[in-house]
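Right after this note come the structures.
In the two assemblies presented below, subunit A is common to both, partnered first by subunit B and then by subunit C.
So, the complex of A and B:
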């Protein structure tokens, strides 16, 4: 099949590199070449003047720095005879600029050849990272050149079709619509596919433990979990479950401290006030018992008298929170459905308690249970996949 | 009672008198609708509305304008629906649905005539419509454009459509209208952008020689597209004057959700609230009322809606209140300026449904 690439822009790599990918040997997981490449890339990014202006690039660079990768590597050292599957074709989301690089990192650390299609939206972060990748591949890690392509193309289904026909792994980051559209395009019989769809996340806070904590630190942590990504990432907390005895007291202090943090740091989009009011109107029409508490338009809380099965159909962003107080943690089980990604916690026994709930009820959701403030931490385990394992294959023996 | 308003001249009330009259009416309307529209009642409950706390107009609760797209906002039983107005949403977007009973529809017309009369006189005049007849053909589903034109039907002696079904200017009709009616006062009506494109630009292009100097040009809803084409209000008027001699301009701000209560432009170029309605501009951060001259969300209050809870709406338009009771034109009440749509910033995050919802 002769594929045309006239409408394809190569941000990293070239047509020739892309055409050769089927014939490039895969690598072992955590190969020396890839670890070296990531360490250099990290170093270059951390010292790049332009990159420094972007917190998300810095977070990515920090995640792949040499020492960090070596530490992760120790967990996989015992995985001998594990090699990449082949070509990993990835479709990056349209609204998290650095996700393409994170996805690429998963692909190459697992020994694969990485092709990422980035969104048509022109993010500065994408250009900056790609420039640095190109430089590193040209100057220091030439051996990895055949392994990385980053492309951008318009509505050209033929390119997606062609890449889908040759890839061994297809990873789609995006909304449910994007995923189902791309799923129409067939892949090889043995190709594996991962869909990273839209998810929701929640927090569980023990009021009594909270009252013993540093309120300012918790406010900062919670801000990072939510406002830092406009409360619109999969990992952003949309609902807070309060347990314990002194809930009302804790709530007051919690929201007051958060308000200080938000007032200083958050740039509220002008439209958010009416957007949130609309959410409340729609939710109230379905569930008349809800009550809105509007501190100001940056912090709007919806008190739920009970947890509705469809609560998350009404989720908002940029500071729109559901709250539910309960004495019985088991009542949250109904929310731990497939779409539930991260549960953050603040409370001494909560980590164990939530793990137990997941195990006991065999719930379909909850891919991460992390302390409050860590919901956007980057990790090699994501959405329930241990990616270096999922994206590689093991050559077994007797 | 709305009759109290009909007895008054539409721009006669100064701040205190107007607020007293309007506050009473608004509280009654809020109660009226909450007992008849479940969705509205649920909303008021959710935001903790307490009628006892309402001591001033700015405490009257407001619904976000997109609620008319998302929910069935209706205070009448289905068999009382006289017509349903649809907003002219662009393709792919949900449309607003406004349910009218006979009473509200009649009220809207009556008030529209009273308000326009204050600007162009109460005599019925012939009107040249810069649009195609096609927009009023489907009577069942009115668009804002069609509804606005139909609303003016009452006010006119004769209505002539200047554009054919392909939206092309019919020169013959234009000349005939000018010959027949151009000697005395008449009306021209059109959406600002259509007047610019289909009348002014065509006159220029085809070198049409015509005198429309006795015409009062009523325009509507055009600032959005005109702003994006970088044509100022002044330039619009200058071009109209040069090309066909039009010197009377009455622009207005209004919306399908509050038909009838228009904010019409006076001789000084200001848009005026009548006694039937009011404007509160609210801050983005906390909805508190803005000072004069400070921009924010435009909230519109109207005494007319009986069949749907649209008497107090938070629009997603941005504007400022220029002043109150002291416009040199002599009309009392607030006068305002519309700046455009509230900015819709790019939101970070995973869910890509956000942008599509706007």
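So, the complex of A and C:
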């Protein structure tokens, strides 16, 4: 079958490179070539004038910096005879601009050949990163040129079909609808597929421990966990569980300090403001006993008298939070369902307590338990997958 | 090159500033180049220079030219 690429824009790579990918050798995980490429890419991005205007590009560049990758590598150094699976076809999400680069990083560090389709939305970040990748591949890391393509195309199912027919890994970042649509398109029998679907995340705060903390630092941390991505990330906190004795006092200080941070840093769009009103109205129609506390339009809190099974059906963005106070941590077990991704915590014993809950109840959700302020940290373990392991294969000897 | 010279160079490279201003008294946020974004470039540059990987707490604590020297000396065995 002769595949047409007339409607495909190559942000990195070319039609020729793409057509050759099936014949390119895979690499070992954490290969010298890829580590060197990432270190140079990081360096170039960290010093690029345009890239510096975007905090998310900088965070990505910092994550792949030489020293950090070398440290991660030490964890995998004993994994001998582990190599890439082949072509990793990835579909990037339309809400997180730099996710395509993060996904590419997972693919190539695991030894694969990477093809990413980026969203039709024209994010500046995508163009900037792609320009730098191209430059690095042309000037310094020419050996990796056959391994990386970034493309954009409109509704052209034939390209998705063709890529799906040749790939060994298919990774879909996106909403449930996107994932199920793409799943209609078949893949090779031995191809593995990972769907990174919509998830929700929550925070657990021990009020008494909070009162002993630095309120300004916590406000900054919480801002980064939520407002920084307009609560668009799967890892963004949607619901805060308060435990401890002095909950009311802690809540007042917490929200007042957050308001200071939000007033300085956050610009609320009008659409977001009105969407929040609508969310509350819909939620209240089903659960009239909820109470809305409007700090100001940028911070809307919904106090829940109990945890409803469908609470997350009403989740909102841009500063929209559910709150629930309880004396018994076990009451949150009902929230730790498949869709629950990250639990952030603030409290001395909470990390252990939450791990124990997960183990004791064998819940289907919770892929990460991290301190408050670290929800958007990048990691090679994501959504419960240790990606360098999942995306590679081991040549066994027994 | 002495460690101090290397350290100064890491600032010059990492922040993209002139050598003249890299001296005791230089603090985080005191110049436009050393903001939260510039800080990441600086840390990366320091790590590369001394072949180390800094802990998150140290990355946050490195808030001045002097403080950076102190952290490198006490935690990473780099003598100045």
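Assume the second predicted complex is superposed on the first by the 398 of 398 C-alpha atoms of A that agree within 3 Å, B and C clash if a C-alpha of one lies under 4 Å from a C-alpha of the other, contacts with A are read in each partner's own complex, and residues count from 1 in each chain.
By definition in this document, contacts are C-beta pairs under 8 Å (C-beta built on N, C-alpha and C of every residue); 3 or more make two chains touch, one makes a residue touch a chain.
Note that this is a predicted model, so its numbers are computed, not measured.
Partners subunit B and subunit C fit side by side in the overlay (superposition on subunit A). Of the two partner chains, subunit C is the only one that A:61 touches; subunit B does not reach it.
By the touch criterion defined above, A:301 reaches neither subunit B nor subunit C.
Measured by the number of subunit A residues touched, the leading partner among subunit B and subunit C is B.
Legend: residue contacts after superposition of the two complexes on their common chain; A:368 is shown touching neither subunit B nor subunit C. When the two structures are aligned on the shared chain, A:47 is found in touch with subunit C, with no touch to subunit B. After overlaying the two complexes on the shared chain, residue contacts for A:280 are found with subunit B alone; subunit C is out of touch. In the superposition on chain A, A:70 contacts subunit C only, with no contact to subunit B.
In the superposition on chain A, A:291 makes contact with subunit B only, not with subunit C. Shortest separation of subunit B and subunit C in the overlay equals 20 Å (C-alpha atoms, whole Å). No residue of subunit A is contacted both by subunit B in one complex and by subunit C in the other. If you check the complex, the residues on subunit A that touch subunit B are 93-96, 174-175, 177-178, 198-199, 229-234, 236, 268-275, 277-278, 280-285, 288, 290-292, 294, 296-298, 317-318. Those residues of subunit C lying in contact with subunit A across their complex are 14, 16, 36-38, 40-41, 43-44, 47-48, 51-54. The touching residues of subunit A, counted against subunit C in their complex, run 42-43, 46-47, 52, 55, 58-59, 61-62, 65-68, 70-71. Touching subunit A in their complex are the following residues of subunit B: 38-39, 41-43, 45-48, 63-67, 70-71, 284-287, 297, 314, 316, 318, 342-354, 358.
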